[in-house]
Amino acid sequence: MSKLTELTRQLERLHINNMYKNDFYWTWDKTDEELAAVFTVADALRDLRERNKSTRVFDSGLGISIFRDNSTRTRFSFASACNLLGLEEQVLDEKVSQIAHGETVRETANMVSFMAEVIGIRDDMFIGEGHKYQKTFMDALEEGYRDGILEQRPTLVNLQCDVDHPTQCMADILHVIHHYGGVENLKGKKLAMTWAYSPSYGKPLSVPQGVIGLFTRFGMDVTLAHPEGYEVMPEIEEIARKNAAATGGSFRKCNSMQEAFADADIVYPKSWAPFAAMEERTTLYQAGDKAGIDALEQRLLAQNATHKDWACTEEMMKLTKDGKALYLHCLPADISGLSCEMGEVDSSVFDRYRVPLYKQASFKPYIIAAMIFLARVKDPVRTLMALDASDAQRKRF
Amino acid sequence: MSKLTELTRQLERLHINNMYKNDFYWTWDKTDEELAAVFTVADALRDLRERNKSTRVFDSGLGISIFRDNSTRTRFSFASACNLLGLEEQVLDEKVSQIAHGETVRETANMVSFMAEVIGIRDDMFIGEGHKYQKTFMDALEEGYRDGILEQRPTLVNLQCDVDHPTQCMADILHVIHHYGGVENLKGKKLAMTWAYSPSYGKPLSVPQGVIGLFTRFGMDVTLAHPEGYEVMPEIEEIARKNAAATGGSFRKCNSMQEAFADADIVYPKSWAPFAAMEERTTLYQAGDKAGIDALEQRLLAQNATHKDWACTEEMMKLTKDGKALYLHCLPADISGLSCEMGEVDSSVFDRYRVPLYKQASFKPYIIAAMIFLARVKDPVRTLMALDASDAQRKRF
Amino acid sequence: MSKLTELTRQLERLHINNMYKNDFYWTWDKTDEELAAVFTVADALRDLRERNKSTRVFDSGLGISIFRDNSTRTRFSFASACNLLGLEEQVLDEKVSQIAHGETVRETANMVSFMAEVIGIRDDMFIGEGHKYQKTFMDALEEGYRDGILEQRPTLVNLQCDVDHPTQCMADILHVIHHYGGVENLKGKKLAMTWAYSPSYGKPLSVPQGVIGLFTRFGMDVTLAHPEGYEVMPEIEEIARKNAAATGGSFRKCNSMQEAFADADIVYPKSWAPFAAMEERTTLYQAGDKAGIDALEQRLLAQNATHKDWACTEEMMKLTKDGKALYLHCLPADISGLSCEMGEVDSSVFDRYRVPLYKQASFKPYIIAAMIFLARVKDPVRTLMALDASDAQRKRF
């Protein structure tokens, strides 16, 4: 049986009726079968592409991307996913176009979506704002579709908000699944999601939150470790706790990187800002309090600097299972002695894991394409089989 | 008979031989039948898309857009139109590339057009310059084609100049035609194209000019109302007068918003700058007179502020036919209490007309696509029928 | 025999096995037959397009462009070439995305290339840096492919580095070949590649270097003329010397524009910066020495200004063969009395050669497309014949 046939048979068994014409905000909105469907379709699309099969589902149509924060890898992943399916990416650059917050979001949303199949939004900077912006945008499109303004209601793919970073975390775990040779092998594996020191401040919390909200669904033993004062959103910890309880895994917190790393199978050391500080920053930005923002930055940098020992050093790695835990990062990492004097990870550690790290990233375009595919294609199983059976090649000659 | 068949039969009866390989600068360059052809093809392309028929006329080819002023909705409309027909949009961003005014326009025009099917230009800021720039650009391409430099001579679609805004006004009237159930029902309808107060200054005159130059062709009673000192270009008023005389409608001017709104079927209240002031500004910009520009801005803002009573309020709307005139705007509007303290329209009025306003905007991508289609496709009737008869679907699965 | 058949027969006779999956850095990396293959495929693709044959080799896939210096014509040429073959261009804009020099190049290279077929890079500003950047980028992709990160290893097309500008110079000479009715007619033709005065400073050396490194391969008599102090890289002069010796042509240097122009068949007068000064500038930039950079700029402008007599005037043109040498320029030129007071060329000379100059530029998209084609298509002859035989049209109706 071919790999593609095997994957379509898996897909056939999953209950995924709710995915068609739906959005992807947070992984915890989705059932286990829906997540499994994303993994399966991502693998299937990759298999088709590797065998030079055309995966164009669309003859024309747009994918709109909105980046309210800089991005290289997520932007190219989204553009690649759109291209793979036959959509043309169009960037809505809010800095150069007539758009603003609030009521005008509703208008802009409709104005750019007349021929859009998918909207990809990254808005991760301000706690309490990113998800809200995505929701406002999509509510406007829902309304526009109902009112007969739009011929179709596009699908949202959350390219990172203040709460979750689902395309990243889904790519992360698909990498882990392949690494361990199947999702069933994740049960009982120990994951350390830990804070790490970085000379920059204010990095989003969506990665650690996304990781604990997702990895706890696979029966893993997940530890979230950070210095005091670097708490993440309590609602997401609650989700992690419930997930763990439901799947026979565990979720616990500690304030020691050593403790988290001890005997870990997988480590994900990464800097982020304290939740409370990010809330404070949002308020300061809304008030336009420049002096307050500068003072906060200084305070946060000083606070970070008291935790320089939170680094993924060679010594720290020795604490992990056989000294050989799988090292994960969403990239780019702050590498000690390379991109900064002292950072999240030792240069030698990073170097040793470079190949798996880049492979981890390589899943993202396929994860995004799978999310779009499942939301836009009515019969995913039949469509994958049709693409497989077709003579149409991606590279035609 | 299917809608598509009906539309192609209408199209078959129109004399449109001059449209093939021609440009779209101003609506008054075009015959009534040519305008009717644009409406018909726009409706046909929309019908094909709604029935998931592929409308790709091109396998490859570029659509070049040049925005010498910011734009979100027109830019996405142009990109959508290109994509619908199979062209890839490429933006010529003059701020980041080696281009300047004058002689170099000729060179740049040729350099970006080797594989271009259509050029979309927005240049609306400076009176006496916008149309000239478009003309210089296209003359260069005509010459380049004759001299054997270009394999094809691309088509211009005017995405707004200092004189007309044809893609906007054609979308506006197609919306009105659908609203009244047919172009024949426009005869005798009263339209108030009026100035409205805005806290910004220097908005282009191309919308009011485009509206009076176009709506007077359908036997409507068109009133242009504005405070003294906000005159539009006299040549365009002359065109409106002649149109009205030829179609049994009327065109008149007055200096009272109330008078214009009285018993109106349709109102189009919108801010614009005085023609003479815009001429002055062009001269100041050419001279690089920064102080002069600032002084002019202050003067214009102060002048605007003496006319805050020119607003589309609830009370003003009550003056219209049954208090229920169709409200039009090219968007974005300056909404009182929302995007500004005092602006062009009351928030409650705008809200009540939001759905029709967005529908009005939804015609623009199809109007642009129709303009491109009629200029690039040799036999539009046969082509529409072929697209309709083909098995090729836009969304393939 | 059709033109296409003739071209494929020529191509059939060439040894080009090394081109498949290879890069295009410098013309002197390539054999004569490989260069001939690029010309042949460029002509074939143009012929196919002129006969409205679809030249889509790809159903989906990306072409990544990286411009570390501003560009209009090269950017549009690359975008046009990608579109012609069915690839979508995606711009990696380093100013707005998370990228930096050094180690991070390796990471970015992989992150943007998951679905890329070709990478086009322009990096011409800093002597000793441009080529190195391209090499680092491609080495990273080679490694990424070997390590199983990338499904394919994209091809590099050098869109201008500090050493060569192959897409420009190949377009230049294809223009010359067509002008003289065949490559065999180039033997013995005299080319003057000369410096010319420009009020700007710091123009790249890659054009003069590329020209002497390429035109000497066709048995031509090539003279490189410049004022003292404007030397180009000695390694490239050495290449020119060897080429000339091997093909029965000649390569010589002089410090007089008159001498070079005397009896020349072809002239290529163009400004560039002194090699040594550019090396100095690179060092100053690396040290962040702003004052040093400003001082260098003043010194270079003053140095330039002592050579205002190096201009392609009407009088100078009279010195050439019958006063009618073919005038070449990579555009844009500094035109005296037009784009500047005193520049590289008289306005009347430029005007007389405008049509051939623009035709010269028109070859660039096809040269780039041919480079991509030969690197990505396994059997170029069979593929061209298949495209020719196919019913698929570029403009479908």
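When the chains are written out, they are named A, B and C in that same order, and each has its own residue count from 1.
By definition in this document, a residue touches a chain if its C-beta (ideal position, glycine included) is under 8 Å from a C-beta of that chain, and two chains touch if they have at least 3 such contacts.
This one's a predicted model, so the numbers in the text were calculated from it and none came from an experiment.
**Q** Check the residue numbers that chain B and chain C use where they touch, and answer same if over half are used by both copies, otherwise different.
**A** Mostly different residues: under half of the interface numbers shared.
**Q** Could you report, rounded to a multiple of 5°, the rotation needed to superpose chain A's C-alpha atoms on chain C?
**A** 120
**Q** Centroid from C-alpha atoms only, then distance chain B to chain C, rounded to Å. What do you get?
**A** Each chain's C-alpha centroid was found; their separation is 41 Å.
**Q** At least two partner chains per residue is the criterion; list those residues in chain A.
**A** In chain A, the residues touching two or more other chains are 56, 86, 88.
**Q** Can you check the complex and tell me which residues of chain B touch chain C?
**A** 56-62, 86, 88, 90, 92, 96-100, 103-104, 107-108, 110-112, 114-115, 117, 144, 147-151, 376-379, 382-383, 386
**Q** What does chain A use to touch chain C in their complex?
**A** On the chain A side, the touching residues are 46, 49-50, 54-56, 70-73, 75-77, 79-80, 83-84, 86, 88-89, 331-332, 335, 338-339, 355, 358-359, 361-362, 365, 392-397.
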